[in-house]
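Each of the next two complexes has chain A plus one other chain: chain B in the first, chain C in the second.
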Partner chain A sequence: MSQAAPVPAQRRPITAGRAILLVLIVGVLLVPIPGFRTPQTHNIVIDASQFEFSPARLTVNRGDIVQVTLTASDVVHGFFLDGYGIDFRVEPGTSQEFTFTADRSGKFRYRCSVACGALHPFMIGELVVGPNELVWRASALAAVAVGAMLLHARKRPSA
Partner chain B sequence: MTTTRGNRAALVMLAFIVVGVPALIIGYQYGLRPALADHRVVDIEALAPENGGFSPDVVRVEVGETITLRFAADDVTHGIAIGPGLGIDLGHVDPGHVGEVTFTPQEPGTYTYYCNTWCSADHWRMRGVLEVVDPNSPGGVNVQLDPIIEALGAASVDIDSEPEVAEGIFPDRSRGERSLDTVEVPPSLRDPDWRLSHSPAEGLEVLQADNPDTPEDVLVDVVAYLWSETPPTDEISELFARNCAACHGERGRGDGPGAATTLEEPVAYPEVSWHRRGDIWYAKIMRGGMGTDMPNFGTLFTEEETRLLVDYLRYLSFTES
Partner chain C sequence: MLLSRAFQPVAMLILLAPFVLAVMAGLLGTSAGNRNFGIVFVWIVWWAVLMVLLVPGLGRVWCTVCPIPAPGEWVQRRGIIGGAGRLRTRGLRWPRRLRNMWLQNAGFLVLALFSMVILTRPSVSAGVFVGLIGVAVGMSLLFEKRTFCRYVCPIGGFIGLYSMAAPVELRVRDAQVCVDHREKDCITGNDRGYGCPWMVYPGKLDRNLDCGLCTECLKTCTMDNVVINLRRPGADLAKPVRGNRIDEAFKALIMLACSIIYPAVLFGPWATVKEWAAIESFGGWLIYAAAFLIATLVVIPGLFWLAVAGGQRSCAGGLTVRRAFNEYSHALIPLGLAAWVTFSVGFALTNGSYALAAISDPFGWGWDVFGTRDVGWTPYLSGAAPTIQAAILIGGLLFSIRTSLRVGLRHDPSGETTLAATAPIAAFLLASTLALLWLYLG
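Coming up: the complex of A and B.
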């Protein structure tokens, strides 16, 4: 008789371990990352020549205001910044000024957007807007997952 | 059987790709399009002078004949303009794009199509000739002498004399504008032609004679204002940015990116403006500098444009950067 009674679906008990894991995950995703300071203003002169930008790497903090003076020293070049949708062209002898707020964190390429010769496709620089929130959160999340897996594996050594 | 038929079809396809497609393109370019167009279309390839410049670099057209010029840039971005006096500026033509203009020349003469965007060390050599011929008097192109340059020659003024550098003088046109009303200005200083043939330093002497009690630095500023009285139009600052700024710098300080390539350092206008007559500048722009790598612009600019450019050089000289 008792064997005929259907076994109710077993609900997983909320153990302390699971609660801690949940709190950790939520924390990793939501906790504000320290290191956001008052936004600074950067005045940067970027010179474009065949086939490089100088400087080829910019590092700013998120929220900073970037004032760029773009010059070209040989032929007409362009400046296209991935992720920000910024596109300017500059001809030798005149400078192009523009300002943007680095409100997206991560690493973004800037590239020449006007065909300027054989190696034009390789005329690339990079803007690093840090701290790189996504990378940090993703690494922390991965660390939590790895830790939980290790703990889980230790609790049940083998089936 | 099937294989053979498939092979034959593939062969026909291959023949079409290898022979047919180029034949269609060339046929359209040189057969169909000229036949359909009601006027002549000339394709001009634009390359930096080191790579060949314009080809063709001579185009002949009759007065009243409508013509389309198509400029294709193949290496870097060029700027295409035709002068003097035609008012044609196609702006930048990027590699892979075509800049096109259709017009009907009315005045016989020799015009120049040229690049007005710094494209290489030899950029200024990138010029082509547009000959507009009158069918009724072919070969009869009037060469007109430039009155300003002729007058310099008649007065035996040496256009190539070394410029005298002003020291200890800091003229500022906006200060001069403010104190203009406090000064007695003789009529000669109001005359643009007089100002063109006299340097600001000479103007200061005349002004001092009429205003013996005014401090010299005030008079210097007033002269700076008078010599740059014409406010620059957008067209003129654009003309300067396109044709001069690459060497002389966008503020005329002699610091453009092309400055490193020239035989002599490009002139920084504020240094020499005080002792420089405007007509000498005019002549240098029109005729070019002898042995300095300053190109001639007489085949590109009209007399009026050149005079306005001289005014603009004064404006740059007497304005804080």
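Coming up: the complex of A and C.
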């Protein structure tokens, strides 16, 4: 009895479902998110005190110019902005002024960079530079991936 | 090396040294947490190593070398490397009603409620370490073996839970060899090692939850039947849950809830909540504690219960809701672990540079042992961290969805009811992930 010839490995066909999933994922990752506006200038006074910044959350748009006047109302504080590498120190009764262009979108925490007491590591504020693409894309990607896994499970009991 | 009698005691001794230093720094050193070895090395360095590397990569391996139970074990056995024969303990058996994770759940919640104080006050932190050692020693004198580790340690509880997702396991090669072997040295011990200190019978071990990786059974097995395997991550998660393990389900839910609450409280912009958590005012802390407990014990478990019940109702899968709650709670483990990795990565990257100063000046007294005392605070990868965190969270979510599908398929191999049973659970997992993404990135 002759042996059967080995069956060559076949590529899995690209089904309509897979193609749609691929398009969705590419779309989620690459489609531009609207929200661009003419750049504006924001003059913001940020006061640092144990253990909070006021205001604690700022919202600007990408490309905006942010002029900050930093003050401290009790002890020496610092201001470090994640992602931008901005770091300033301010003493009570004085102020520090600095300007930067919000050229990176997303959420960036600003933190006290001078030890100021027990809760110092958690003295945090937030700068949101819109459109916040990362959070929208990540959320959409999560939703698309979950949907795809559930649909795949519906078709084949081999998840 | 693992077969050496000295392996575990020596590893514990080595780690006991920095642990003692952490306690001493906490009690005697500066009250500035970011300059105190006790805070920096435990809550920044150790925590990050534990949650980012050890638990996801090696499961229970921290329990192998943990110094907290070491003094109690050595007092109980009257020796460090080898026992002196007769044990110094009343040898009581742990009450049957407490042979579960409820005490570990309660202990973790108590620590979590005071975590802002523990994280920022070196003396309080040291008090917690001394307290844990004291309880471990006391329990070693009263109860048999490692009862503290198995049923009480609040850290061991979540390490055990998340070790089920790890790619490492201790198992027997052939369970029939254990059945046929009448001496059961792994339980009774012999001249090469102790009977299982964790009160586990290796022959029936099929998941990582209760095995402390102490390596005693590797030593005592005369049949060379105990091995440490590499395996597919999460291999334990879709296995059937024996008996009623609501305690285990609640452990997974409490950990997931805390992984959402912690970034909101610690990394969020809400100073008032931080002050409440730090007990700046007792009334504020009461509000925080009530909200925390309601969220961890009522809201999150309640929503998960509704998701499970909805799935079971729509698929008529033959499981009671309670049973399904137990079984599907394993789907929370990958996402919960990913959420804790995300939290720990962010905290370590931001505050890890404090370690350089603290190692040179552990008490904050002005020492400069390694010439790094004056290294300033430098956050690492502050621009890339959000992308890394998003990737970890989405990875955890997909791992969790896959686990829920595997649990569903185990109950209905035809796959006909899998989607109906798991879709509400997937919605719960997705909602939890979106909440985490918005807390970190939004």
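One rule holds in what follows: the second predicted complex is superposed on the first by the 146 of 159 C-alpha atoms of A that agree within 3 Å, B and C clash if a C-alpha of one lies under 4 Å from a C-alpha of the other, contacts with A are read in each partner's own complex, and residues count from 1 in each chain.
In this section, a contact is a pair of C-beta atoms (placed from the backbone, for glycine too) under 8 Å apart; a residue touches a chain by one contact, two chains touch by 3 or more.
All figures in this text were calculated on a predicted structure; none of them were measured in a lab.
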item	value
First (chain B), second (chain C), both or neither touched by A:T94	first
Residue contacts on chain A - larger count, chain B or chain C	C
Partner chain in contact with A:V75 - chain B first, chain C second, else both or neither	first
First (chain B), second (chain C), both or neither touched by A:G27	neither
Chain B versus chain C as contact partner of A:A115, first or second or both or neither	both
Which superposed partner A:G17 touches (first chain B, second chain C, both, neither)	neither
First (chain B), second (chain C), both or neither touched by A:I124	second
Residues of chain A that lie at the interface with chain B and also at the interface with chain C	115
Touching residues (chain side chain B, partner chain A) in the complex	75-77, 79, 92, 94-96, 117-120, 241, 244-247, 249-250, 256-258
Interface residues, chain A side, partner chain B - complex	71-76, 89, 91-95, 114-117
Complex contacts: residues of chain A adjacent to chain C	51-53, 56-57, 80, 82-85, 104, 106-109, 111, 113, 115, 118-126, 128, 132, 134-135, 138-139, 141-143, 145-146, 149-150, 153-154, 156-159
Chain C residues within the chain A interface of the complex	31-35, 116, 120-121, 266-271, 274-275, 278, 350-351, 377, 379, 382-383, 385-387, 390, 393-394, 397-398, 401-402, 405-406, 408-409, 413-416, 418-419, 422-423, 426, 429-430, 433-434, 437-438, 440-442
